[in-house]
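Labels run A, B, C, D and E following the written order; every chain starts at residue 1.
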Amino acid sequence: MPAPAPATTPVSVARGGPTGRPRTRRLAPGPRRPYARLLGPLLLLAVWAGASGAGLLDPRVLPAPWTVLHTGAHLWTGGTLRTDLATSLWRAAQGFAIGLAAGVVLALAAGLSRTGEALIDGTVQVNRAVPTLGLIPLFILWLGIGETFKVVIIAIVVYIPVYLNLHAALAGIDARYVELAEVLRLSRWQFVRQVVIPGALPGFFVGLRLAVTGSWLSLVVLEQINATNGLGYLMFQAQNYGQTDVIVLGLLIYGVFGFASDSAVRLLERRVLAWRRSLSS
Amino acid sequence: MPAPAPATTPVSVARGGPTGRPRTRRLAPGPRRPYARLLGPLLLLAVWAGASGAGLLDPRVLPAPWTVLHTGAHLWTGGTLRTDLATSLWRAAQGFAIGLAAGVVLALAAGLSRTGEALIDGTVQVNRAVPTLGLIPLFILWLGIGETFKVVIIAIVVYIPVYLNLHAALAGIDARYVELAEVLRLSRWQFVRQVVIPGALPGFFVGLRLAVTGSWLSLVVLEQINATNGLGYLMFQAQNYGQTDVIVLGLLIYGVFGFASDSAVRLLERRVLAWRRSLSS
Amino acid sequence: MAPLTEQLKAPQPTPTPSRPAVRLTGLTRSFGARTVLDGVDLDIPAGQFVALLGHSGSGKSTLLRAVAGLDHDTAGSGELSTPERVSVVFQDSRLLPWRRVLDNVLLGTPKRDAEGRDAAGRGRAALAEVGLAGRENAWPGQLSGGEQQRAALARSLVREPELLLADEPFGALDALTRIRMHTLLRELWQRHHPSVLLVTHDVDEAAVLADRVLVLDHGRIAVDLTVDLPHPRSYRDPRLGEYRERLLAALGVRPDGEPAGGN
Amino acid sequence: MAPLTEQLKAPQPTPTPSRPAVRLTGLTRSFGARTVLDGVDLDIPAGQFVALLGHSGSGKSTLLRAVAGLDHDTAGSGELSTPERVSVVFQDSRLLPWRRVLDNVLLGTPKRDAEGRDAAGRGRAALAEVGLAGRENAWPGQLSGGEQQRAALARSLVREPELLLADEPFGALDALTRIRMHTLLRELWQRHHPSVLLVTHDVDEAAVLADRVLVLDHGRIAVDLTVDLPHPRSYRDPRLGEYRERLLAALGVRPDGEPAGGN
Amino acid sequence: ASGPALSSSAPLPSSLPTGTSLSVASALGAQQLQLQLSGLIRQIPFTVSSWPNIAAGPDVINAFRAHSLDLANNAGIPPIQAHYQGYDARIVALDLTRKPSYLFATKPHSDIRTVAQFAGRRLAFSQGQAQGVVLLRALHAAGLKDSDVQLVPLTSDQFLTALEAGQVDIAPLAISQALAYLNRYAADGAHTIDTAVVDLLNLLWAPAEVLADADKAAAVAAFVPIWAKGLVWVYENPSVWEQEYYVKTQNISLAQAQQVTALSNKPLLPPSWDEAIAWEQQTIDLLAQGGYVKSFRAETLFDRRFEHLAAAAVPVEYRS
């Protein structure tokens, strides 16, 4: 019975020790390294600082980081930066809340019934294809030039990625879980709460991340129209007066805010999707 | 052995006949109805036409559909609409191609190695948080105001949703398939081609859909800068001269284009994802 | 082997009470050009325990899905009546990966049932009965194959259905655990007398558990056998031997474990 | 039941050739506070056919995953050496849903192998051998449970591995199909003499197929039994009875199919 | 609350019912702050419902259309654009700017010294904005046609960047902007070319429908003198303005603020609008020549019932 042994090349693999390594080549990216995502931005910052310090950057075009930080500190203590930020955040938050709710409701309606899909989905596609900037005059006509119009535009910018990602994610929910829900006689609401929403969460989070920055970004344009404060207004003003450092400060704030809010959503994502056994976990 | 029969209420269900219906309540949206998605946009158009016909709409604010179509026909035969469309499409296509490639490559690099993730992911998050409009001056400095600069900005607008959706989608690939690939000793390239990409396709398509319209939309802003043709230029001009019908024509073209390109991507999606048994299929 | 099973077809008529819990008449189902169920007629009286055997790919799961009303989009015809409260154990364990084990078991059950019993308590008890005490808070992905299957069984058991459809619920269990689950299922059956339609590949299991054993072949019920032995039955009971051999023969296996009729 | 299996532990020493294909020394694996493998020592000589039994949740799949080198992130220690070409049949069939059945079988194989044989042809042949001729272009989601399992088996067979790890590869198969697959697996083994580590819950299957049967209990190899009978073996062979009973006893089951020792 | 209708030929009403309100544009918040600092705000005999920060011509026209704005402060172009777009709005007060407010800045390392040398060069051109008209007027004055130069279509906020990047040879910059530019690029050979072309009009205008409401028309008439006094106040109190406006609300340094105020025009509120109307007509003709608008009579843009109000409110030295 002992057969002629094939030419095996046994690989000794010690585990747990400092030299232990699995012999199967790992295709997944390996364990998560916390804070590693900071590396890229920090490198960028270092290059910027280095180039500025070495005099390689024309400060008229891109001021040094310390100049920008100094300007920031100055505007924070003596200028309008604090109110600008607060105003912008408040506007973004309102638009975000409305857009989020609208996106979720529309996506559920379109994703869970063919009638909803017929009425909503095509309309949303047309809506998102139309440049929101091109619609500003129309919105001003309907809503005036106050806060309402800004909040509505932010909401539009927000609802689109939320809708699109959530709709696609829930369209992709495994049919086996739908069958399970049918067999368990889940009510439609239970089905939505316990199957559809958790199953669509991974996709939803992508929409959320696009939406968070979207809400913030649209302020650059919106706060040029009848605003007397806000980050967009600050940058618009600076452009008027050729204050490059203030513009770069604004961009920096955007960058930091974007990174922070993205990290926050991801943290949430990681907690909510703790059940997932996937490539990244 | 025959037990006391519980109070059953048998429901007679005939199948296949005209009265046949399954007794399990269906939670999935039911079979797809082709072209149903046109309903919403067509309704909108009908309301617009109706309101215009009834004289409810101020034609200076929103001209009647036939006026707009007439303007369109006029610009098509006698005006610049044809070249404008061709120019815009060509610009969008170039930027789209570059952005798509960049988004895919970056997402794969960041999604499949922790080093890639450390270097790329945070940087992309910062990049996407920074308003592209705010970066226009910088890009003009580096790239001038010719075509290159427009194409690069479109590419940036495109790569962001592609990256974000693809990166999230591939991070969500079931770990069981990764194990399978390891056990089958797939090369990294085979792994990417045969497991990662097909597995991430559903999410990728969402990014693609956002990107297609994104490329097109950024033209509204870009074609105000050193452009003498293109759809964005046409609309910008019209805004200067208060040609509401031309503006609405432009928005209409955007809408039609958006709907059409979205439908095209979906058709592709349905073919490529034919294997999927999900809520929507 | 078709002629063989044909010739073995049990002539024994099913005892049909006035109002069967499940009635299928001329049930047909096909996928594209493949007809999987080709006019199945079947009555299951209320409270009967039926086992369903058949080759891999013979259409057992398709039949179960039809009875459960899940095949909305599968082509087919026929008449079908079933009770209201149906519970299904799927062939895959089909736990929602994003709900912990206990929450999976309790999925869709009200916090308190009609008699005011606490659902969570009953869920825990059901998990304990299938040997998963202490794993209530695990994610489904953290369970072994057999543990997942048992969790799915527990989910069906807390529901006290009028009709239980179970698609190979013990396939991934070792001998001992399997016997425990048999006992559990019989106990449940004795308590509530649901009608049971159990798909299994284990002929012994079918003979030991069921009142009646069906063999599905070529889209029809080829064998319909009433097992007329008192419960509890022992695997060693010599009277089971005859049933076992008839069923194995219907499946195309000789008693010595060789394929029947060459091939 | 631990003392029972302990007392049944086979004292028989494994014949160890100079250079075993698989060697595990003090292999430990734990999930959180649960230690699943508690210092497993195991040598499998090249070309040996080993069956692994154990209760549901006893750590069989964990052991297989460790041998396959798949548990990158599971805590544990120990030494492990295996051959280069390992093939795994997972407990779930794990077909890529987005590739058709034939493409799943051929996943990762070069278009032509070293001897210039056409991969697609071999894939088709393997599918035919497991009874799936004609289903090459189906999506995995269109296969029945047992068909999926057989497609996964075909995927392992085309690879001609030096070590085949199979986790309950026949769990969802009916008696006849199961016997066919047994034959197929034995033939493959006779052709290439891979080392095989087969997890199964079917004691008969283990006794009929394997040269050596292990029982995993409480994180260790509790029983290590060499089955010294010539192949092919018949299920009816009375000499198997003794092995069967020792194994069932190790699993805690009395020969009459009742749990041993109360509980 | 709308008042009785008022024909455009009827004399302005003298009474102003309480409760009348107007929405008055306050670009970058300047108008409101100016009236607050000078105390003039307390003299406003009606309610200012809001002070929207709306400055750019198209935005103002949009806001007029949306009934979000009743009175705005712009240069000469927006009323022409509005008329061309079919929107009826009238000029109710004006302040003449004698000193040029724009310069032509060259890109770094440029050899261009005169407007005549613009021939064949790349010029930043924003057609809907004052900068565009200044450029057209200058070319016209130098005997150049549009086709003699390369007009690079840009929005004015891109002018500075386009110069820095060397993408255009010339861009018209507001003087304050030009100073900032020279501060930074004069060392690289960037310079400016003076032009005599002025952007003559700084005006107050209102939608015709506002003026057709007797109550609102009365409010507008009441606001015009206050607006004029405000201009004078800023001119007479530059240091307060620098500190309170530029430094505190605009985040720019005192030095920069002083540079800007040093360039500001002395207000000039003429009792007669004839010169302004002629100038506006010239602009219209110039734009019409370039094919940018259709020609029409400038007269229709002005509501001469308001002609005397501003001049009457200020000391003589600010009237001519």
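Miscellaneous remarks
Throughout what follows, a residue touches a chain if its C-beta (ideal position, glycine included) is under 8 Å from a C-beta of that chain, and two chains touch if they have at least 3 such contacts.
For reference, the UniProt names are A, B = ABC transporter permease; C, D = Sulfonate ABC transporter ATP-binding protein.
These numbers come from a predicted model, not from an experiment.
Contact with subunit C and subunit E alike is made by A, B. Steps from subunit A to subunit B, taking the shortest chain of touch contacts, total 1.
In terms of the distance between Cα centroids, subunit C is separated most widely from E. Chains joined by the most contact pairs: A-B. Averaging Cα atoms per chain gives one point for each, and the point farthest from that of subunit D is the centre of E. Mean C-alpha positions place subunit A and subunit D at a centre distance of 46 Å. Averaging C-alpha coordinates per chain places the centre of subunit B 42 Å away from that of subunit E. Chain centres here are Cα averages; for subunit A and subunit E they lie 41 Å apart. Within subunit A, residues 24, 26, 28, 30-31, 61, 137, 141, 176, 181-183, 185-186, 276-277 each touch two or more of the remaining chains. Residues of subunit D in contact with two or more other chains: 68-70, 92.
Counting partners per residue, subunit E has 65, 160, 164 as the residues that reach two or more other chains.
By the document's touch criterion, interfaces exist between A-B, A-C, A-D, A-E, B-C, B-D, B-E, C-D. Within the complex formed with subunit D, the subunit A residues making contact are 1-6, 8-17, 20, 22-24, 26, 28, 30-31.
Those residues of subunit B that touch subunit D in the shared complex are 176-177, 179-186, 190, 194-195, 198-199, 201, 273-277. On the subunit D side of its complex with subunit B, the touching residues are 65, 68-70, 86-88, 90, 92, 94, 96-99, 107-108, 139-141, 159. For subunit E in complex with subunit B, the touching residues are 58, 61, 65, 81-82, 84-87, 127-128, 152-155, 158, 160-162, 164-165, 167, 292-293. Within the complex, the subunit D residues that touch subunit A are 17, 19, 21, 23, 27-28, 45-48, 68-73, 76-84, 162, 192-194, 211.
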